[in-house]
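We just call them A, B, C and D in the order they show up, numbering each chain from 1.
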Amino acid sequence: MIKVLFFAKYRELLGLGQMTVELHSTTTVADLKNRLVKEGGDHWAQALLADNTLCAVNQTIAHDGDAIADGDEVAFYPPVTGG
Amino acid sequence: MIKVLFFAKYRELLGLGQMTVELHSTTTVADLKNRLVKEGGDHWAQALLADNTLCAVNQTIAHDGDAIADGDEVAFYPPVTGG
Amino acid sequence: MQSRVLIHQADFDVSEECRALASSNRCGAVAQFVGVMRDYNEGDNVVAMELEHYPGMTERSIESIIERANTRWPLLSVTVIHRVGKLLPGAQIVFVGVGAMHRHAAFAACEFIMDYLKTEAPFWKKEKKSDGSERWVDARVSDAESLGRWAE
Amino acid sequence: MQSRVLIHQADFDVSEECRALASSNRCGAVAQFVGVMRDYNEGDNVVAMELEHYPGMTERSIESIIERANTRWPLLSVTVIHRVGKLLPGAQIVFVGVGAMHRHAAFAACEFIMDYLKTEAPFWKKEKKSDGSERWVDARVSDAESLGRWAE
């Protein structure tokens, strides 16, 4: 089981900030994105497959090829605008 | 008549912060220095002829060749150390 | 190097922060940046702002930025405060303060931390316009570009 | 651009200055520098400092520096405060604050003003050491050198 978080515009678009996903084996960020889009549809594609979507695994920036293991915290969010 | 000011180390070296000098004709910064050194001696040479001595005429940085006219305020001081 | 990272809704007091940053007897220079909320953006009046963040990761990413700054310049103290939640025009949003023996390290590290905070720390601004509508602020290309000068 | 130059013995309040610098509704960024008195210099403990200046010319030279900064960057507000007279270790000596729409102008102008203040404004520091002896502080070559990067 992994925890998946969404922030800001994506949280609103998907209508949820947090979900859990059952993980059958070690996967990658790209695999997780594709699985969520396949299950969720258009809004999920808009959020997760945008060119500038950022991903963090265990609160560290991660990229499509990076691995996700059971127990990880994965977050998807748009470019940051603080400061 | 011009007003001549000395600051910091030079004020202490010469034992005075301000003097007036009678000006018979328009002169230059270099001429004024030489005249004061000739009249004053060693301490004056140390203060006025040091390589890094700064001069301001009417509160604007001036150089050896710049003119001094009657009524001007002339200041001699060492490199600045504020901030 | 002493560092402090605070994420909260409450305002901050720049004098207090400055005093704390300067408290080492070796400290000769404190550089500080304060980001302030403006009342318009991209041609529209803005009447309020909501700042969202990613708790936990925010602190980690800022601490990582501070550590990178500390390897580049000799620093004595760093404080970063970022407000979240609802803010009104004129409000202080962010504080970055750096204490060092000499001013060049303090200035450079302060600007370095702001530049990376702008592009790495997970905060998002949502603006409320005067007609009541809301919009998420878009990231600026210029913020990503300004990192270029820190390339080693 | 609003500017304010103050030379006096009294201390200053960084929060108040920051608020005043940010008072324009277009101001999004305030960069500030505070110089602090250290308790040693060139290997000696320093117990007090006396700051002398050239009244009149000090203000003129700082105003000229601010004007030059304002021609290089779009600034909204600048405040420079420099204390004179007797100061003790830990005291705030100088404040330079710059308000602008965006942070790069504020940072650059703040550092520019400090760099020129250090080399042009007629202030002189005299230190009192722990053995009671006094000495005038020597100008640093590095301060003159740091102007190089502002060459256009």
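Keep this in mind: a contact is a pair of C-beta atoms (placed from the backbone, for glycine too) under 8 Å apart; a residue touches a chain by one contact, two chains touch by 3 or more.
Computed from a predicted model, the values in this text were never measured in an experiment.
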Most remote chain, CA-based centroid, reference being chain C: B
Chain B and chain D, separation of their C-alpha mean positions in angstrom: 26
CA centroid of chain A to CA centroid of chain B, Å: 73
Centre distance in Å when chain B and chain C are each reduced to the mean of their C-alpha atoms: 48
Overlap residues in chain D, where contacts from two or more other chains coincide: 35, 114
Touching chain combinations (by label order): A-C, B-D, C-D
Footprint of chain C on chain A - complex, ascending: 5, 7-9, 11, 52, 56, 59-61, 75, 77-83
Residue numbers on chain C that touch chain A, as the complex places them: 35, 51-54, 56-57, 60-61, 82, 93-94, 114, 117-126, 136-139
Partner chain D, residues of chain C touching it in the complex: 13-16, 18, 22, 25-39, 89-90, 92, 101, 103-104, 106-107, 110-111, 114, 146
